[in-house]
């Protein structure tokens, strides 16, 4: 988990945490313990609460330093002795509730009411800016940047040197490198499309990750890049995105990528370096796409692709095979 | 037809109506009759004009109370005696011309020049708002709402309680329920992509429907939801739309839908409840999609789907069959 | 090449040009010659530099009037005696460097800092406009136009009579005819997605073309139309585009086209007249699509299509064949 930006609340007494989880506190020894944060199994320390929801993470669960772990009856025996299992029906929903307690601002993305007109900020001498530019609290802007008309740099954004931001663009919760160009009408850093469906009212979960755009990137007009939920969304250095592209939460794109217009990349997929994607192609969520992969325009990728693959079609397959079969 | 918002002109004398239709008035008995509205066969009353363009509607045509009906030579005998047939070459073009006379503002969507800066309206105490927010005439805003920077709530919009509207969004001709979240850069309620092609200058037809977004919905960044032409466009309660989605005019989406990024739904299609649609999928116009249907990302649906279908591919077919065939 | 708008620098002494190209000047006879422009083989005159990068253009190369031509060792012998070949490794990269010298403003699209609030311009009496409308230098607006809130007409735009421009739209480097309607949130005329990939930092090339939108067109919400690189991007008269469409640089669409939502047309493709394209279809770059062609929604066109074709699928093929095969 990485949350350089979202203001953490707490600490909270363990009894308050148990109350949110609707768990009986009879078995809790130290009823005075304060919980400082919710973290993953690996990065938790004694005063944190963690979670464990899949056997995949068995080996890490074994070594967690957290004092408490949200988990299931089925998995609880994998935890070390120092860690009290907190048994729930749905681990991820419970984590969501606890995370929302620690990071309430990461659940909803209401507009940033800390912004001021740039002419009333320290940046008025430093950057070149258009009309009606707004800048929030906790913003860093490098040298030699330009920011277009009506653009909003909300709180918690850092932009490097020599960057050009277009007009009508909104950026929040983002770390942007040097020589980056973000064109008009983009939305960078809003929360992802992540929630727990419920028949009455879906439960949104907090997104405490950020968007990281590395040096020399270009982001085309009308693109949306959502910030991560528990990790970050990353655009690797010197990667160019064309217009109207959607990059979902937690996606990582390697360096030197070339991604044509209207491509969509679903949540948590990880792309290697030197990846080339043709227009309107789509990549499903939670996939691993290797280095030097080429995906033809309009393709739909639904499984992992090894390094140097060249694919086409839906579902995407070897391009030669596809063209042969589709004659 | 439903038009809570568009200002109706008229009534118009029947001779004026006939002139628009370029119909000779020799056979009209009551040359002094005023026509009050243009409505469909079912909802017309004595002082209205209606239209009948397809045999499908024979049974309703039979019982219409309208005094006049725009129709063809071929269909005229299905009308009751109280209803004078007005024979034209193209029923829909003629209806379009008459509707444009009654509802001239529903043809073009020029920007709303009734808007004022929200700081100069009654809402300045009631809602939380960003910089440069504009609000038009005939707008209702519930309690505990927030409206982001540069957003325009044009005339004829009603928004319920606890709603969050993002920045750079434009809303017009819409009824929005409670607890609705509309993110940045959306355009809600503009006229649909409906017109009669013509080799010199296409003829736009009026869109007198609205957009209805029910309670607990979320609409992602950069989405466009067009208002209906003769009926409404509806997003059912607790339905969540991801970024960059296009919902065309007259579409109805049932409750609890989950629709991923860059999906497009063409005009007049009706989706049931609990429908799940993967990213970039497309649904053709005038289709009926049942309850609990699941459509895989990137699919293209070109025919009706019964309840509980799970489909994939283009044209979309049973998902197991598709995956088997595409190995 | 057509560059009615971009301010040309120069002339430059031939030695300066050679320095940019890193070419030794030993073989240059007239070291005092000034170069006035970079143009294609056909339109160059004595004081211009041209380029020749493919055997396809052999017949034109033969007759060029340019004094200098950027080319390869392989092609140099096709040039006439009056033209000194300048041998480089990559002709297009070299042309890009020279073009950037003559037209530095065509490389980057930083926001236009020449704009003023429309209330402070000559147009305040002439057009109907919303709040916060900005207009740049060298703009022409016809009679009876309306421009929505927050819209930016950047420098170098000409708009005809009876046009309606929506809200939150940005237009630059464009020639727009009469009776054109451009809806909300569009970006018209920014540079295309054209650059030379490089492992450290991609090299953008200048886009000195414009966007031409002819009479009676409609451009839907959230659409992006990029300007041309060396030629223009053209939307033919009476062509209607729905929402969220992307038209890349150098594309030409004929008259009376009907293009549904979320379609994407890649760079340099040329479409005939009366072309109909269903929603979400994609057309690859550098294709020739004939007159009266119909492309079904969701299709992916990857080769030229003759007049009157009706296609569907990916890769798009005859619609009857496709539907038969996909049963």
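Every chain is named by a letter (A, B and C) in the order it is written, and numbering of its residues begins at 1.
Keep in mind that, in the parts below, a contact is a pair of C-beta atoms (placed from the backbone, for glycine too) under 8 Å apart; a residue touches a chain by one contact, two chains touch by 3 or more.
From a predicted model like this one, the values you see are computed outputs, not experimental measurements.
Copies chain A and chain B of the same chain sequence form an interface built mainly from non-equivalent positions, shared numbers / all numbers used being under half.
For the two copies, chain A and chain C, the CA superposition rotation is 120 degrees, given to the nearest 5. As a whole-number value, the distance joining the C-alpha centres of chain A and chain B reads 35 Å. Within chain C, the positions touching two or more other chains are listed as 132, 150, 168, 185, 222, 244, 262, 280, 314.
Residues 108-113, 115, 117, 132, 134, 150, 152, 168, 170, 185, 187, 190, 193, 195, 197-202, 222, 224, 226, 244, 246, 248, 262, 264, 266, 280, 282, 284, 300, 302, 314-315, 317 of chain C touch chain A in their complex. Listing the residues of chain A that touch chain C in their complex gives 128, 130-132, 146-150, 164, 166-168, 179, 181, 183-185, 216, 218, 220-222, 238, 240, 242-244, 256, 258, 260-262, 278-280, 297-298, 313-314, 323, 326.
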